[in-house]
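These notes open a run of structures that come right after.
Each of the next two complexes has subunit A plus one more chain, namely subunit B in the first and subunit C in the second.
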Partner chain A sequence: MSARFLIVRTLRALLTLILVVTFVFLMLRLAGDPIKMLLPEDTPASVVEQYRARWGMDAPIYVQYIRYVASVLHGDFGMSFRDGRPALQAVTERIPATLTLGFAGLAVALLVGLPAGIAAAVMRNSIVDRSVISFAVVGHSVPTFFFGILLIMLFSMSLRWLPSSGSATWAHLVMPALTIGLWNAATLARFTRASMLDVLSQAYMKTVLANGLPSSWRILRYALPNAAIPIVTMLGLIVGQLLSGAVIVETVFAWPGIGRLTVTAVAGREVAVVQTIVFLSALAMVMANLLVDLIYGWLDPRIGSKTGGMSR
Partner chain B sequence: MKEQAATDPIGRRTTFASTRRLPSLVIAGAISFLLVAVMSGALADILAPQGYNDQNLLIRLKPPSFLGGPHGYYFGTDELGRDVFSRVLFSLRFSLLIAVTGTLVGAGFGTLLGFLAAHFQGLWEDILSALVDFQASIPFMIFALAALAFFGNSIFLFVILLGLYGWEVYARLVRGLVLSAKELGYVEALRNLGFHPIRIYSRHVLPNIGGALLVQITLNFPGIILLESGLSFLGLGIQPPLTSLGLMIGSGREFMTTAWWTAVAPGTVIFLTALSVTLVGDWFRDRLDAMPSN
Partner chain C sequence: MSLIELSFEENGRVLRGIAAPTPSATPYGNDLLRIENFSVRLPGRHGPIHAVRGISLSVRVGECLGIVGESGCGKSTLCSAVLSLLPDNAQIEGQIHFNGLDVQRLSSEKLARLRGREIAMIFQDPMGSLNPVRRVGTQIADKLMVHKGLSRTTALAEAVRLLDLVRMPAARGRLNDYPHELSGGMCQRTMIAMALSCQPKLLIADEPTTALDVTIQAQILTLLSDLRRELGMAIILVSHDLGVIAQTSDRIAVMYSGEIVEEAATETVLDRPRHPYTRGLIDASPDINRVADTLVTIPGSVASLSEAPVGCAFEPRCQAAQHKCRKVAPHRTTTSSGAVIACHFPLGMSE
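Up next, the complex of A and B:
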């Protein structure tokens, strides 16, 4: 992996973050006068002007933009109206809950999706393969919120095994993690299967086969490392899906994370909280994709020599 | 909620190594379900025993008629005594209409950008590339919710948001297809005959790549249905008094203990719709084999 590759990737990540900040600034300016959104309708014009001056809204747009970027860099995203605290604080205190759910979901996705995909590819066209394909297709068509509700009906209401909402004990984690994990497992299984099939059809695998090595060794030692390259890319996308999925799953199971906060903040039009969530999730995504790029470059040294991108 | 599995980071399609042959019975079932769903939505006015907002507070949360509920209420009633069956039919109409409109917006926008990038290359490709990077940097659900928070909820914005979901897939696909079409003799011949590029693209290239576009649309459509129902489920999509399948599940969720049918009926319909479109889309791709492989 060349240093140039590292630098180019990092610069791209930074550029993307700048784009996100600019985009949110433009969206907020397009959405209407923030002062009017904050103050009651019958506020006297003089008071409105006072606020405008105090918040720097009377400055030219590029000055406002620079100030906006500066405040974002200082971690100042504005106040949450609901509880009068800085929006950043309101969001960061929800991070642990979302991370717990995210990692549990990711674990479920990996533990189910990877073995299922590998088994399907190795036993191609068998009953196992067909079952995995069916699971992947069906799993991807069930809305997560509907699946969550079905789980609650089964495990909370009929069997009374698990609590339906909240986050007090580990038992509370089971159903949300299964909901978000199995949905992603479906995608991952399908992708792993395709990736493994590609590798298994390569000439060097025929050589391994001809050498008569035991099949499990063959797969783990020779096929999996090569199949891993596209799968790692997939994981970068799954981080985004986990964040998107958290919005719905946390709402269904009343899990006190960022996803649920997003829904209440959007319903209450708490712009400061919403923009904080947008920045933090963009940051998480960009970091995840950067990490994936680096792992990718490490797994396959050939990639480090080109910079990627669509026009190339 | 995105089927991104099919492309690698620089936008080439990775092949799902084996094109699987689905049993024809399953496909026949999926196609019939879709036909029934579309017809039910289109003819909801005639088929539905009641209007989607007709209330009858005397029969609130009654079970479906086949489980001993009131006669003529096939899927039972909801918390306002509205007929769940009728509401499912009308919801199907609104959900499908919005999903189709959103899909067309996304396919149109993506196709246009794909053509621009392939024709002008250079700067346009860089713009496209930056937009794709940008879209990939915010989870789509968060992006959609932020837009709804900033601009407030409206059907217009909602449809645009659904359209923005997946536009980049069309843009990449079209760019690739047009670039390879430009290498082919017929485009060169038309150009030498002095035809305007717009005419060449719209009359000659577009029909040639139409099959691949159609396949991509069927592959994207389930995602759009799930996104629409997801946002409506959260109460941030379609607003009452209109109805949608997601909205029905959202309100039915509160009555899970006493009236499970209020959520299960619309949920099953969403699931079967998304599943049928996926199956038909895959089958379609296998049949046409129109997708370019690497």
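Up next, the complex of A and C:
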């Protein structure tokens, strides 16, 4: 992997971030006047103007944009209308809970999805394969809120093994992590299976067979690294999404993460908080994908090398 | 210690340890590989494809057998069958014995040993046959580690020696290269080095030069011939190019539509072809010394492998075909000179 490749990818990530910031800024202004939405309809015009001046929304839009970008660069995302705290603080205090749930969910997705997908591809058309496909279809079509409620009914109400809401103990983590994890595992298993099947049909896999290498080498050392690129792409999206919080699952299990904050912030018309959440989510997504790009270069020597380029 | 000595010692051990010939192998005499009445049907979109039809063939120790035929005549299917590399849904009849072992009845463990140590195979597309994300040195070393129990360091050192053996330029520096950093010819040399790593008794080369430039093709063929002499291994060389086969083989088997229509010593086949198809192949080979306005072709196209012919499969394209050819499939007959032919009216008989 060349330094050029690294620099190009990092610059691209930065550009994405700038575009996102601009897009969010414009969207929030185009979607309607936040001041009018915040204030009751019969507020006198003078009061509206007063609020507008107070939040800096009386200036021309490009001035607002420059101010906004400048303050974002200073780490200032504005104030929460509600409690007058910095919006950034309101969001960051939710990050630990979101990370805990996100990584627990990711672990479940990886531990279930990867082996299931690999096994399905290796034992194509067997009962294992059919079970994995069924799991993937069902797992992805059952909505998370429904699956979450089923879990609550079984483990909290019938068996009384696990608490149904909150985040006080590790036991609280089990059900939301399973809900997120199994849903993503279904997608991951399908991707892994398709990617492995593609690789297993390649000519170089026949060479491995003809050389009499053990199946474990064949699958883990020869097939999986080749199949990894689409899988890693998928994982990048999953990770980015998990870091921005799980709106539905956090709501079902009353998990105090960014997802639930998003719901309350949107309902409460907290422009600054929503803006901060969108920015941080975009940052998470961009970082996850930058990481994916770097992993590509490490996984596939043809990517980013001087001679090979992206061609296969 | 030279590789030649090593290989004999190794062969002896292998004979005793793994491939110990059963008493029934004695009548095989010099035959290393014996294929008997072997048929393969592969499932196709429009019914089964009868890719190999009752082929009997043998390869002697140290011999180079050339198999020639047009694309789609079942050559590659036959090669894959020798290493039991056919898909699970292939229907197989007949037997393949290697060194007294029934290839199709081996346990997966013994099959892995057969594939790694006894029979090696190289393929048509050398670039696509190497794993794109593993260094070439590692790929050779992996095989040595598995089958010879070498440590990674020793295996890599041995890989350098093997790359030298196959005349890879700057062998040591190539170990850490990825396949995309090598040329097609260098990839095929790597494949050959990998194939030779455990001193196989038989090397199956399935169209080894088809994807390469003509100059590289000649180099690879010379290399294969040299290595055969140095190491005393047998080779099955498969090609659609009669020129390639003629240059390298002791004996030629001509395949048409899943069957062997003629089989004899190379000079016999080239000088006095008996089957009209062989004659056609020879005539269709462009002659560099002859300026021709049009190239000679065999009329018609390769018979479909899905439909079983009633008579001779080559009959629709054969200029010497007679009524009998349409009705009765010709049997294989062995001539006094030891050549095998499947034709009702072999060339040079009536004249």
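Assume the second predicted complex is superposed on the first by the 269 of 312 C-alpha atoms of A that agree within 3 Å, B and C clash if a C-alpha of one lies under 4 Å from a C-alpha of the other, contacts with A are read in each partner's own complex, and residues count from 1 in each chain.
Going forward, a contact is a pair of C-beta atoms (placed from the backbone, for glycine too) under 8 Å apart; a residue touches a chain by one contact, two chains touch by 3 or more.
As the structure is a computational prediction, the values presented were derived from the model and not from experiment.
Colleague: Aligned on subunit A, subunit B and subunit C: do they clash or fit?
Modeller: Because the two structures are overlaid on the shared chain, the partners are seen to fit without clashing.
Colleague: With both complexes superposed on chain A, which partner does A:234 reach: first (subunit B), second (subunit C), both or neither?
Modeller: Only subunit B is touched by A:234; subunit C is not.
Colleague: For A:208 in the superposed arrangement: first (subunit B), second (subunit C), both or neither?
Modeller: Second partner only.
Colleague: Which of the two partners, first being subunit B and second being subunit C, lies in contact with A:299: first, second, both, or neither?
Modeller: second
Colleague: When the two structures are overlaid on chain A, which partner does A:145 contact: first (subunit B), second (subunit C), both, or neither?
Modeller: In the superposition, A:145 touches subunit B alone.
Colleague: Give one of first, second, both or neither to describe whether A:278 is in contact with subunit B, with subunit C, with both, or with none.
Modeller: A:278 contacts subunit B only, not subunit C.
Colleague: Output check: A:21 vs subunit B and subunit C. Expected answer is one of first, second, both, neither. What do you get?
Modeller: In the superposition, A:21 touches no partner, neither subunit B nor subunit C.
Colleague: On subunit A, which partner's contacts cover more residues, subunit B's or subunit C's?
Modeller: B
Colleague: First (subunit B), second (subunit C), both or neither: which does A:226 touch?
Modeller: second
Colleague: Quick one: is A:191 in contact with subunit B, with subunit C, with both, or with neither? Answer first, second, both or neither.
Modeller: In the superposition, A:191 contacts subunit B only.
Colleague: Is A:245 contacted by the first partner subunit B, the second partner subunit C, both or neither?
Modeller: In the superposition, A:245 touches subunit B alone.
Colleague: In whole Å, what is the nearest CA distance you get between subunit B and subunit C after the fit?
Modeller: Distance of closest C-alpha approach: 14 Å.
Colleague: Under the contact definition given at the top, report the residues of subunit A touching subunit B in one complex and subunit C in the other.
Modeller: 308, 312
Colleague: Could you pull out which subunit A residues touch subunit C in their complex?
Modeller: 202-204, 206-214, 217, 221-222, 225-226, 299-302, 305, 307-308, 312
Colleague: Report the residues of subunit C in contact with subunit A in the complex, numbered from low to high.
Modeller: It comes out as residues 83, 85, 111-117, 120-121, 123, 125, 128-134, 142-143, 146-147, 178, 180-181, 191, 194.
Colleague: Going by the contact rule set out above, which residues of subunit A touch subunit B in the complex?
Modeller: Touching subunit B: residues 12, 15-17, 19-20, 23-24, 27-28, 30-31, 124-125, 133, 137-138, 140-146, 149-150, 152-153, 157, 187, 190-191, 194-195, 197-198, 201, 230, 233-234, 237, 240-241, 243-245, 247-248, 251-252, 262-263, 265-267, 269-271, 274-275, 277-278, 281-282, 285-286, 289, 293, 296, 308-312 of subunit A.
Colleague: Inside the complex, what are the residues of subunit B that reach subunit A?
Modeller: So the residues of subunit B in touch with subunit A come to 1-5, 8-11, 14-18, 20, 121-122, 125-126, 128-130, 132-134, 136-143, 145-152, 172, 175, 222, 226, 229-230, 233-236, 246, 249-250, 253, 256-257, 260, 263-264, 267, 270-271, 274-275, 278-279, 282.
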